[in-house]
Amino acid sequence: MSSAYLYSILATATIFTLLALALNIITGYAGQAMMGIAAFFGIGAYTAAIITTNGGNFLLALLAGMLVSGIFGAVLGVISLRLQADFLAITTIGINFVMVALFNRLKITGGTLGLTIKKPVLFGVKMNNTYFFYMTVILIVVLCLLLGKMRRSWFGMALASINNDPGAARSFGINVSRYQILAFTIGTAVAGLAGGVYAHRMGFISSSDFAFVVSIQAVSMVVIGGLGTLRGPIFGALLITSLPEILRFADDYRELVYGLLLVLMVRFMPEGLIGDDSPVWSALMKLWRKFVPKKKTRADLIAESVEGGR
Amino acid sequence: MFLQQLINALTIGSLYALTAMGATLIYGILGILDIANAGAYLVGAYLGWYIYYGTGSIVLAFLLSMLAVGLLGILLQRAVYSPILAKPHTLSIIPLVAAVGLFTMSSDAVRLICGPNSKAYNLKFPVETLRVGNVVILPAWLMIFALTAVLLVILWFILNKTKLGLAWRATAGDAEIARVCGVNTDTAMALSYILGYGFAAAAGIMTGILYNSITPALGEVPSYKMLAIIVLGGLGNPMGTVVAGLIIGIAEVFLSVYTAIPIPKDAIAFVVLIIMLLVKPDGIMSRKNKV
Amino acid sequence: MEELMRIEGLKMYFGGLKAIDGFDLVINKSETLGIIGPNGAGKTTLFNAICGVYTPTAGKVTFEGREVQGTPAHEMAKMGIARTFQISKPLSGLTIFDNVIAAAGVHEYTGIQSYFHKAHTPEIEDRAEAVIREVGLADVANKKASDVSLGYLRRLEIARALVTQPKLIMLDEPCAGLSNFAINEITELVMRLKEKGQSIVLIEHNLPITMKVCDRITVLSYGKKIAEGTPDEVKNNKQVIEAYLGEEDDG
């Protein structure tokens, strides 16, 4: 495998990792059934692409893609407050189809012909797959650090509470609607960022790049890896984007195997391959604990204090 | 012209109603969005084609295909859906992912087994077209109307006049209470799947006859469109689904004929859906008004 | 006695169903007030209408002199009205300790700013630990909420309410479905809170418990108050006896 080819796969894999992490904010952390993340991936992609093809700055274009996608996400968040979980799933699917239809029909998005985007220049260097890979890795690391901080904050506590039981969350002061809208806004903004990077890395985008299938792929990545964890979506994205390479020997059966994998996963391991309660992760943690003893948490100390006293 | 379009719209609408009926029956009992119903629609269309060419009887094609696909439905319910639902704290997105997986599998399996090219039913009717004044009616349309009507009447009869149907309605109302009262909720689930998948198979065959072409991609459009229809119909409400199917059929035909909206025909269902959810978040015919 | 909450002419209709139909009540500071009534009398609906889960159809609720009817549930919690749920609502994926921590953050959930504040600070952890020990959850503090029994979940409900340091705590059938032993423990806990001067409203189906812990009892039947008074007064009230005898299933 040539290194150029490897970097092309890696660039794709990392962009989809970013997209999976974005979806995970909405579905994994806040518990909202988002089935149309590709629409926002597309909004970010087209926004950024339109800006740079009109001579705009690459980094500013990425920011703009993030912003516009986030605004659309916030609007969807406001709408979604009125809907039950299943309605929300279908509405987001619908938004995906409607957006693709618009991308395909509107003049500004290039219609059926799509948009051709010149490879951007960043700090005097013309971006190629290798640079896109490094750039996306940096974005992922920064995002993970920010999300790690989020999970330890009251913001993270609010999302975890809402995800577990919105009624209970309200009873101890959490404005559920506000946090849901925030999760939608942040998640769709990150998806928009991923879209901007995607557009410039591909050099060409058309409406089919943001079809419902892409949303399903993102959902599969998050579910197969493990909803609501940081490692899950990353692992899931890397696995699914490299699956076509792994399954190269069975090229003709790819879709079949892909579908089968999805069914088997949710049937036997709905917590994901390396989700918190999955057998694989539990075993890994057990092994890890043999070398690194678990640091006792405050909760452990409290529990031990009474067990010892009895 | 108007009348011609109306008849055209109603034909398509009743086909939609039948296609979405399976997903409605399944949602009513299991509360899951079963996209794989579109897989049943596809597999039904192909099975029907093989049986028709094997036996030369379209009646047999309908009956055997519906039965086989219905049984396949029960198998999937037992092997996949019920075990997933039995696990505690299942997110609503999890069964949906299973359904997407099953649908992907079925489309690809059909492509691998039956080949990627389209097949034609080439069903011969005694007359080519019927003419009533200015209005042209294809015999296939009449067949679709008649069959849909018959199937819906059978469904209505089963749900409202039989013990099985009582179990179904009780379970759809409140599964917990139904179980406590001694209703066999398992039977209700099986009924949903055999009827649901069977109806989808019939709808698949009718579509194949109407457009005289079936391909492995046949299920793609219905897979999402039926979701819009079942939501419009109030999720789990069979009557609402019929109304919603007709509305979408009419909206598609008339919006694409009489207006210049920049939305392709197949996305119209979702535009109607999104507008409707903004106005009335419970669906047009919501059965339960939750307090 | 100082007044804490006043409810006047509260109505809660669902379509044609009059779940609460003109209800008046005064709750005083440091008082333990019981609300009893046959099944379906509207007790939980009353809680939901007071705590902001539902918006009342009509009526006035005053808390510490402020009109609060129709205020959303999360605002009510911030004002110092904490409630428990009859059907426990644990955060199943979190430990018992984190369940209590989550509730301890009642004043921290300010939106985007809450991103910049760490949840597990020593002060918050101390507060959570104190409450966990108070209600008897210490031995399961590190267990996931999905792995503990109903008795613990009921106590978790109380712990989450207490850790918000409420001015008024509203308990919705904290003893329902528990063993006699567990009921005694909960009753003792309520008595201890009462001694500390906590203002309590208690919905309870179990009459002996209500009689034992409450200073005053209000009887609700078909959405209306049919009696109110000290436990002894209520016990001998003819209407109350009828309402209860008229009910087949006395769980």
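Just so it is clear, A, B and C label the chains in written order, and each chain counts residues from 1 on its own.
Note that in this section contacts are C-beta pairs under 8 Å (C-beta built on N, C-alpha and C of every residue); 3 or more make two chains touch, one makes a residue touch a chain.
These numbers were taken from a predicted model, which means no experiment stands behind them.
Enquirer: Could you find the chain whose CA centre sits the greatest distance from that of chain A?
Expert: C
Enquirer: Indicate, using Cα centroids, the chain positioned nearest the centre of all protein chains shown.
Expert: It is chain A that sits nearest the middle.
Enquirer: Chain A to chain B: how many Å between their CA centres?
Expert: Computed from C-alpha means, the inter-chain centre distance equals 32 Å.
Enquirer: Counting in whole Å, what is the centre-to-centre distance of chain A and chain C, each centre being its mean C-alpha position?
Expert: So the centroids are 40 Å from each other.
Enquirer: Using CA atom averages as chain centres, what separation in Å is found between chain B and chain C?
Expert: Here the centre of chain C sits 47 Å away from the centre of chain B.
Enquirer: For chain C, give me the residues that contact two or more of the other chains.
Expert: Expected reply: 92-93.
Enquirer: Help me check something: in the complex, which residues belonging to chain B touch chain A?
Expert: Contact set of chain B toward chain A: 27, 31, 33, 80, 83-84, 87, 90-98, 100-109, 111-112, 224, 227-228, 231, 235, 262-264, 266-267, 269-271, 273-274, 277-278, 281, 283.
Enquirer: Across the complex, what residues on chain A touch chain B?
Expert: Residues in contact with chain B: 27, 31, 33, 35, 79, 82-83, 85-87, 89-91, 93-95, 97-98, 100-102, 104-106, 212, 216, 219-220, 223, 227, 252-253, 255-256, 258-263, 265-267, 270.
Enquirer: Which residues of chain C touch chain A in the complex?
Expert: Its residues touching chain A are 51-53, 72-74, 77-78, 82-83, 85, 89-98, 101-103, 105-112, 114-120, 125, 129, 132-133, 138-143, 160-161, 164.
Enquirer: Which of the residues in chain A come into contact with chain C in the complex?
Expert: 149-150, 152-158, 160-161, 163-165, 167-176, 178-179, 182, 228, 276, 297-300, 302-303, 305-307, 310
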